Amino acid sequence: MLKDEIGKLFLKLKEKQPLVHHITNAVTINDCANVTLAIGGSPVMADSPEETAEMVAHANALVINFGTLNSSSFSAIVNAGKRANELGIPVIFDPVGVGATNYRNEKAALLLNEVQFAIIRGNHSEIASLAGITASTKGVDAGEVSESAFNTAKKAALRFNTIVVVSGETDYISDGEKTCCIANGDLLLTKITGTGCTTASLIGCFAGSGDNLFLAAVAGISTMGICGERAARRLASGEGLGTFKTRLWDEISLIDGDVWKEEVRLNE
Amino acid sequence: MLKDEIGKLFLKLKEKQPLVHHITNAVTINDCANVTLAIGGSPVMADSPEETAEMVAHANALVINFGTLNSSSFSAIVNAGKRANELGIPVIFDPVGVGATNYRNEKAALLLNEVQFAIIRGNHSEIASLAGITASTKGVDAGEVSESAFNTAKKAALRFNTIVVVSGETDYISDGEKTCCIANGDLLLTKITGTGCTTASLIGCFAGSGDNLFLAAVAGISTMGICGERAARRLASGEGLGTFKTRLWDEISLIDGDVWKEEVRLNE
Amino acid sequence: MLKDEIGKLFLKLKEKQPLVHHITNAVTINDCANVTLAIGGSPVMADSPEETAEMVAHANALVINFGTLNSSSFSAIVNAGKRANELGIPVIFDPVGVGATNYRNEKAALLLNEVQFAIIRGNHSEIASLAGITASTKGVDAGEVSESAFNTAKKAALRFNTIVVVSGETDYISDGEKTCCIANGDLLLTKITGTGCTTASLIGCFAGSGDNLFLAAVAGISTMGICGERAARRLASGEGLGTFKTRLWDEISLIDGDVWKEEVRLNE
């Protein structure tokens, strides 16, 4: 059921070429633009507070990322997020590093008061921290949490009235009522930078292509997992993370709904 | 005629290793630096308003890009541009996303009053918007315009007393009197980010290597088209946009004047 | 002697997965994060003045890079550097482009008064300029200096009471008393951007994994040289700088202490 609809969503995306406005970090901004193009979308990365409200009006989705947050980008985010809400444009939030500093925690809390998110995507410790579930985050990557990822996804979705994606060995997608899980992925995805940020870009592309945001969340996170597996399978002896990254972008540009349906390990 | 001179310009570039100062966007800044090195130049990317006027004095060309414009980078651009004008250093302008927001339109108009450009490079809608020709820009990539690209290039060149490059399926290069077109390129060049920005880098490298700016503009835009074709021809089954990008950088580092002369489809 | 200890340091790094906080430039920030992951570390790139002092407290090393310095990043650097000093976290400084503008020279002088560095890495002209040895820097890459690189390394180490790495065809590592040199490397490493910045990342990863900072400096700079040679050896006809970069990241993700010991050309 979900599977057939997501298969069709790939076609819609290629047809619509949704414009996805990103306000993201300096580390992976190039990757986010390239992944958006690779899956069939069109990226725009304007991040000046003076223009984000105007730019987002052209977009089919807005992706917000906290990776290298500063006071300027935060203003740009708030301006764009509020305007997107007014216009009914779905907003995806990637709360990178929330839990690691008070600065990020405070800005995330402010933002959650100002902007209604369609989808929030993070690792377990980031989502737990956002939702006030006991958690400790080390830097922007690891972290330990007391709840199961399944419960964290569900609770955060209810708390913020949104769809929550918790990335990990198994990914959980919840709208507070139903919760799916995805078993695709490869450990190598954690060994290059940007696979989290670009997962949010994929989700943004799917969210900008159809009306069902839950499908978009499932499609985006699972596409990254499947493409990671496919790229890892092709690695030959003597090839490492540089080649893996190149192949991952290859796979994202080559995947279609049929490959997705064949390879996804989705538990509804 | 043009062909022989551009053939020689490749040699001059490799010999001189021109220092090309970029004030560019966060998305493709790494690509711009790598392409500058690949063609034989030397990049410097300083973008703080406090130092760009001093840094540009070392440079053989200045490349300005509006991709992720903000108030700080705009000051950096004005300071560097005015100093470059004083010193006779050619300034290349890539008006990314002009037409998409009032912010960009206003800043572009201000800049055109303050700085004399040697070469302006953009897609059709950006150049049309800059020159006040009826146009609509969607995000920073697409757009629809009423004039032919040929006429837009010519009119904008006359209006700004500069050389204008309009990138597209066919590229037009005009100084207001003569207008050339280039038929090289591949659709894949539009499917990765940064091929526009790095075309401006190539133009900057050629502009910093000789005295003829028209030749530099033709050389830069056609080099990207030719290298795109060569990279696309090498793509095997199962290879996608990640590999294409790697091969494109390969080709830019391997091309010389002889390959260029053999492969260019130039209509003088 | 040094060799055996560095062999073991590779194991420690893989085990510890040190968190390396970078405050670096926009050009190579993605490369720095990927190289940190590739060698076995964990990167965090927060660069807002409001949070760097808090973020660095989680880290095992701090890497500071002047590539695209501005007033905001300078504040972020000072805040993080002072806190790192208080906590005994080693700070690595890459004074990119020092000597090219007064702005950089002044900020570097200020920083050297405020923060005690564990290791400083730069090319000959940058280190000479920092230490007040007659030098001229062109842009951020080249430069001519009157002293031998050996002497510059030694003098700068004594002057700043630190370990100094001078990168070049031969690399010199000095603590003011003993000075080693490394003869690994390949000219291609100078033809892609970021091999200097990511060398500082490698040094940061090793510095965050053990107690001997001199070993860390030697390990970091030589690992880049060895991996550069290995990547260059694998280049086939028709492959250029794009493929070289991919292979370089491959090699950094594949190298271990045994390969290092076999390939290093170290003169103690």
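Just so it is clear, A, B and C label the chains in written order, and each chain counts residues from 1 on its own.
Here is the rule we use: a residue touches a chain if its C-beta (ideal position, glycine included) is under 8 Å from a C-beta of that chain, and two chains touch if they have at least 3 such contacts.
Owing to the predicted nature of the structure, the values given are computational and were not obtained by experimental measurement.
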{"item": "Topology of the chain contact graph, where touching chains are joined (line, ring, star, complete, other)", "value": "complete"}
{"item": "Turning angle required so that chain A lies on chain B, C-alpha fit (0 to 180°, nearest 5)", "value": "120"}
{"item": "Interface sides of chain A and chain C: same vs different residues, half threshold", "value": "different"}
{"item": "Chain centre separation in whole Å, for chain C relative to chain A (CA means)", "value": "32"}
{"item": "Shared-contact residues (touching 2 or more other chains) in chain C", "value": "26, 30, 245-246"}
{"item": "Of chain B, residues touching chain C in the complex", "value": "19, 21, 26, 29-30, 33-34, 37-38, 42-51, 54-55, 58-59, 72, 234, 245-254"}
{"item": "In the complex, chain C residues that touch chain B", "value": "25-28, 30-31, 67-71, 97, 100-104, 138-142, 191-194, 238-243, 245-246"}
